[in-house]
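In what comes next, chain A is part of two complexes: it sits with chain B in the first one and with chain C in the second one.
== the complex of A and B ==
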């Protein structure tokens, strides 16, 4: 005889509460939408997704380079190709990210409670610059030598050089292949979740509005999430 | 009470016409497109990889510059010799009024350049070398006054030095003390590649810290000459370039721009900011600008520009088009 083993859910379960919170704040049809407002049909929206695509290629090529070690690409044609792929993926990543940033600026993408999304985006930009900088320092060639020798002055003047020694290859390489990429990836995931949670911002001067200009509250940012 | 964001998004889009959209397909198309582009550019343009400068290369290519730099290290007249924190206390470091972070954190990476780059390597190499051992003993037993006289005379003589078979020769004189022996030995060690190793060992077998050899090479005229030829120096917008006409960190254009304009190019400057504390001033300026960028949503004026500049009407032209061109539900 079959028996059922039904147990009532404990409403105080941390797991249950987390699952319900995720369901409430980011249901799957918001995380992976199959429909969007019609005004999203603009090329500007492509800059965000191609930035993520470039980041994926940066990480993939970087994983190959870090697996083979920092010397490999200097002596191997295949290694040189992967270094080139890494180098140009980084260039594309920054080009797309800057275009995405400018696009979001002129769309005032921070409106209606999206200020934190914008701010995280700026932090991603700053951490990406630091990540790329440690990459340039990790090349183990003439460029990395000269960049290190020059950059030390700015780092030291800011006091950072006492802890962030650009002349220490081991420290820069460790930061470049481990901590900083993890930081960028986590921030990008948070950024995407924030975008998917709130959805894309409406055009300036929403339709149906009798006003000819946006309201100040649209431009302040944090609105609508807390009641 | 925190409102569920799922409900908020549904409310936000209420009344807005929705159209089919395939997020995952878009992501895969972007991955493919960007991947093809990156692979093609990588195959066609490759990437920069000019070999590093070794101390051995430097000592071979420009022995007079090498010996002059090493002599200046002993006199503590090089950049690293008088740098200040975090390497030593020989210089004040950069400051702007009471803002002096270079001084705040002390000497965390101690480097005594004369001792580290010249005396210690020579001591290691003096085993079995009687002439060098005697010269070193003479140097270390001498008063600082005698050392200064020898350094002064030798430095002046180096201005007219000649090079024969890679060896540096200065006019014969008895005013150099032990420096002729010390420097000819140091040059020989450097040309043989020994100094490259001696400056990174520091009693360890494995090494990843190149602080000492990079500081020493950075003190030379040789490296800066190569960098200038490759358009890499600060006054040449060097951060934007890599060797071989490859792009550098082009995203730092604004940061490097400040190094090209007053007050950071001026000895007198403005409000205490000048070329002597340009690094600190520019770091402070860029920190403020980055914070302003992050806080744009809260800064009146900056946050209103998108409303005033009708670029958004191009981006959302379908939305702003006449109703018959963009039927709405």
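== the complex of A and C ==
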């Protein structure tokens, strides 16, 4: 115990500094809140959560598809079901991501120190488009061949054809099932942590307000949890 | 299902009807989200500061 205490009190310990930084910037009542400010009581705030739910379905169905392979997702009834599940959950992911984007745009969600959260959201959107594009190229059907043949000229014209070859199925499939989903997932986790760190942005106040968190008087929720 | 989509062409705007339906549906859903009442807790929250 004496050794543990001496390490814990050592200011040079990177684990101690990291722990204190996490406690300072992301306390558990921000990470897993049981109450929200009163202005969160709107369906507009649900769009982001539905986007995450769709992403979960995309990942789960994608894992099954990658494990079973193209023969299965083309030829068996269950495979076609999972193929459709993957496709339609992607549609929902993009639809609700754009609705979330509209909501955050009109409430100026980048205010009060949330610019990085907004910009990471933009990057998630861009990486998601690339992930969906490589997904279309990985279908192993005439659609994917048509898209690849037509897209190659655009890639070459943009100077990307040398290292991003849309005719190379192995490269597109590898990017689609490995690197890009990991990228999207990591960025989404960072995005959520940043949202929870700062709290949900207040509605635009015509008289001006610099509060970045909801104050105690703003909160409603579980009975008896008054701050 | 296998036939090409019908396109809506108005001036410089050219968009397939399925895409137009999706975008129209998203706008309708967004409008509903703005005005539809959100269920609150049993504390009787009236949507104002407490």
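One rule holds for everything that comes next: the second predicted complex is superposed on the first by the 196 of 227 C-alpha atoms of A that agree within 3 Å, B and C clash if a C-alpha of one lies under 4 Å from a C-alpha of the other, contacts with A are read in each partner's own complex, and residues count from 1 in each chain.
Definition applied: a residue touches a chain if its C-beta (ideal position, glycine included) is under 8 Å from a C-beta of that chain, and two chains touch if they have at least 3 such contacts.
Because the structure is a prediction, the values reported are computed rather than measured.
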Which partner reaches more residues of chain A, chain B or chain C? B
Could you look at A:47 and tell me whether it touches chain B, chain C, both or neither (first, second, both, neither)? second
Is A:99 contacted by the first partner chain B, the second partner chain C, both or neither? second
Now for A:38: first (chain B), second (chain C), both, or neither, which partner does it touch? both
Which of chain B and chain C A:162 touches, first, second, both or neither: first
So which bits of chain A does chain B touch that chain C touches too? 38, 41-42, 44, 46, 98, 103, 219-221
Can you tell me which positions in chain B touch chain A when the two form their complex? 1-9, 12-13, 15-24, 26-27, 30-31, 33-35, 37-39, 41-43, 45-53, 83, 85-86, 93-94, 101-102, 104-106, 108-109, 208-211, 214-215, 217-218, 223, 226-227, 230, 232-234, 238-239, 242-243, 246-252, 277, 279-280, 282-283, 290, 293-298, 303-307, 309, 311-312, 315-320, 326, 328
The chain A residues in contact with chain C across the complex are 38, 41-44, 46-47, 95, 98-99, 102-103, 217-223
In the complex, go through chain A and note every residue touching chain B. 23-27, 30, 32-42, 44, 46, 49-50, 52-54, 56-57, 73-74, 80-81, 83-89, 91-92, 94, 96, 98, 103, 105-108, 110-113, 115, 118-119, 122-123, 126, 129, 132-133, 136, 139-150, 153-154, 156-163, 165, 167-171, 173, 197-199, 202-204, 207-208, 213-214, 219-221, 224-227
Touching chain A in the complex: which residues of chain C? 22, 26, 29-30, 32-34, 36, 38, 40-43, 45, 47-50
